[in-house]
Amino acid sequence: MKRPLEDVVPVTESSHKGLNSYYRVAVDDLDAALSFLKQEGARLGTITGKDARDHLEVLYHFALSAQLHTIIVDLSYDDPNVPTITNHFVAALLYERELIGLLGINVIGIPDSRPLELPPKYSDPTPPLRRV
Amino acid sequence: MAEVNDRGFAKLKVPIGPSHPALEEPARFLFDVEGEKVVDVDYEIGYNHRSIERLCQERPFSKIVYLVERICGICSHAHPLNHVERVEDIADIEVPERAKYIRTIYAELERIHSHMLWVGIAGEEIGYHTLFMYTWREREKVMDLFEMLSGNRVMHGCNKIGGVKWNISDEQTRSALGVLGYLDTTADKITKAVLKDSSIAERGKGVGCLSKEDAIRLGAVGPNARASGVPEDTRVMCKYAAYGDFDLEPQIAKDGDVVAQALVRLAELKQSIQLTKELFVNLPEGPLQVEYDEIPPGRSVGRVEAPRGELIHYTETNGTRFFERIKIRSPTLANIPSYVPKFIGCQVADIPIIAASIDPCFSCTDRVTVIKDGRRKIVSAQELKTGRI
Amino acid sequence: MIASIVVVLVYAFVAALLLQGIRRIVVAHSQFRKGPSIFQAFYDFFKLMGKESLTPNVTSPLLFNLAPILSVASMLFAALVIPLAASASAVGAGDLILVIYLLAIPPIALILGGSASGSPYGAIGAAREVALLIAYEAPFIVAMVTVALAAGSFQLSTISSTAWITVLPLAAVAAIWTLPAAAAVQPFDIAEAETEIVSGPYVEYSGPNLALLQLGQWLKTFLYASLIVVVFFGTAIYHFGTGINLIIEFAIIALLVSAFIAFWQATTGRTRVTRVLRYYWTIPTLLAVTDLILYVADVRYMHFLFGWAGL
Amino acid sequence: MASGFIKDLIRSFTVGIVGKTATVRSASEVEVPAAYRGTPIIDPEKCILCGRCGKVCPAGAIALRTSASEKSVRIFVGHCVFCSECAMICPVSAITMSKVWDTVVTDRLSRDTMSEREIKRRPRPKEKQASSSVARESREPTPQAEDSAQIPPTDNKSGPTNE
């Protein structure tokens, strides 16, 4: 990476290990971080949703040549909203639909908000991957 | 029966799937067809759903390798290899050299039998049954080789945190080299059959084209992307397992149609056979496993080149007996968006071959969580096992 | 009279199903397989006859159930008209134009059944069957007209008295070339392409209806081949008693169908419906038309080349 | 190749007429490679009932049955995935992976394990029809929990390979 992400976007905590590097970013700086990564020519790997017992976490994994950069965003249980990144990375649509379906995170501005991989008549309020 | 579009063709909605002779695994495509031309496509996945990621959080450590191995029948070595490497990355375990080589041998043999399987299925999709019969007959040699090495054709169970379980004796190496020599000539025959055959060229040329920009924009991976000219191969980039000792270069083609897909896969088949021979020849001596005590809390993301493309595993441990989170992004999930530009504008006759062109493996794709028919209940591993959802 | 009719009908039924068995075994062997037993067609047919036949409620039931009966009836009638093993046909008079029309009825029945079945697969299958029918009928009819012109009459008995392959080889090649399309075999089974449209018009049929529809198709393959053999090989093969003629003729047909069609089926993938039209209207039709023109222009090239004047 | 092809072709035609099946090698003549992992067999004399195999089994197929008279470890073949973890973990190596691949059980939840009941191999292809029906009934007695099971000796004499 030509310029480290830290001086572009306020990163609360970052750690590096081997080929991986993780950056914890606030929700509203997400967009700036993503457009920076887009300029660097990173390719979206996948988006992981996680229920970390007291709050929700969304991890965006990007592949940049051999390196793997992960941007982590913390969401509280009561407002699980995250902006869509399909404007930068079109491929994120499927991964974000997975977030909607399996973790109940609603993605703002997603073009197609049908949950992925859930049977149509799935009526249960709490999404499957949440730790009850 | 159906309303007619401006040029007088009947507008139809053709459903393909979830169970359909063209699809080897359940997925559902809904095509808006005018006459024979496809105008729009919508896809649904999730029919082969076994809540594997939820299970990964509810099963103790030692059982996860076997669970991850059963995600997909064809790439049943890529998933555990990636999982084991992630845990070793977290716990900083240094795997002995011989174990790395044996893991790479299994990975490459799996690529050989997966690509031969695809060539057969592609032949079957366009109705060329002889190619199917012939390639799958030769593929049996690789499956027998697997059975000789690891005791089982598909679920080899050779991966273990810290190394490999099954050793490879000299006598096994000799017979393996014999089989690989035979496979070399078969690969040439199949390549010649696919290239020279007019009916394959006629059904494959210019069908389901994926441009390089679309491939990059939609995030296509593996042979599907390389057929459009995207030179990305995780084995070359990440040098995991024993790939560091060999200089590979990605096999790419230009025009991204079905014939290009076949070209890339057949070239990779040849490359894998050659690489496996080298692996068998300079297999280093040494122990198979290394002991490890405690897995510290931590996280790791990593990529492995499964036969269908780049497979990403995200593993997080919290120091207890269970994993905090395991996320598996299979190559097919990344390749599904590239269906849209391929399908729009094709003919009904081309649907099966295009559906097969990305070599979909939906059992990999549907490993995330859902509970049966809408009712969500806390399902313990025990209940899951007897219930067999 | 009645006895010979019954004998011919039974012979046509048994021969048609045996032909399918032979074809499947030869194709299986070209794919390193053993293939089913030779009576597989019989097993399929009688198993299906025992099953229940359903009619989807969205269709016009009359048309849906009429199609199988139509195709089998026309084929049995054609079996009586074509002189199968003797110089004259079972019912005495045998007219070439009538036989050509009868041979076109099973595809039409398939089209009716497919479009009446109400499923999108049936509709697309029926549309493809129309294209296939038009495609391969053109060269076949031109070839047959050339032979009728040369024989001076449409009566099958007079036509089959001389072996026309020695006089009009190009027309013979054109007719034989259309055989795979008539048998709806691999490169041309676009109407019931199981990976694309899940067996097209057959998709909604079950039980006896399906059995009869398939029987119609199998009989058509057999009778199509026997018409070509009768017209182009003619009486050259009728010097012995009826029994031996039967065996010789069936042997030629079996060889023709199994070797020729099996070769096509084993070595090619399925073509697309757009190509079928272009494919059959170029080379095969050209061959038949040149033979027609040559004959009309009194150019007896076979006589000139080999001194043959028709056996 | 051509002569073999024609001979094979003729044979297929006659096979259909004569009615013999076309299978060349019957299922019981299949040789499995040395590394093959078949059904795990427990040798009760060696077993010290430590229960480690039950803990390590990924499919949870091994159950420690403590009944009134005697405790025994049983492998529920319906769930076993033949990974041989139990064979590797067993301190006294009481569990061995046999070469039996024919692990059909009549009902899904039968508590029966291959090590309990007498394993009857499919008879030789020669007298195939006659005795196979006999073998089928006697092979599947529903054993009561306490009946004294006659365990075959560990080197599973009836495995297909060491015939």
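To keep things simple, chains are lettered A, B, C and D as they appear, and every chain counts its residues starting from 1.
Going forward, a contact is a pair of C-beta atoms (placed from the backbone, for glycine too) under 8 Å apart; a residue touches a chain by one contact, two chains touch by 3 or more.
Being a predicted model, the structure only gives us computed values, none of them experimental.
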item: Higher-contact pair (C-beta pairs counted), C-D versus A-B; value: A-B
item: Cα-centroid distance, chain C relative to chain D, in whole angstrom; value: 52
item: Mean-CA-position distance for chain B and chain A (Å); value: 25
item: Inter-centroid spacing, chain C versus chain B (mean Cα positions, whole Å); value: 44
item: Gap in Å, rounded to a whole number, between the CA centres of chain C and chain A; value: 63
item: Chain pairs in mutual contact under the definition given at the outset; value: A-B, B-C, B-D, C-D
item: Chain C partner contacts - residues on chain D that touch it in the complex; value: 5, 8-9, 12-13, 15-17, 19, 22
item: Chain D contact footprint on chain B (complex, rising order); value: 62-63, 65-67, 70, 144, 147-152, 155, 157, 165-166, 381-382, 385-386
item: Residues on chain C engaged by chain B in the complex (per definition of touch); value: 30-33, 118, 120-121, 123-124, 127, 186-187, 189-190, 193-198, 266-275
item: List of chain A residues in touch with chain B within their complex; value: 17-20, 22, 43-46, 48, 50, 52, 59, 61, 63, 65-66, 68, 70, 89-91, 93-95, 98, 102, 116-119, 121-124, 126, 128-129, 132
item: Touching residues (chain side chain C, partner chain D) in the complex; value: 21-22, 25-26, 28-29, 34-40
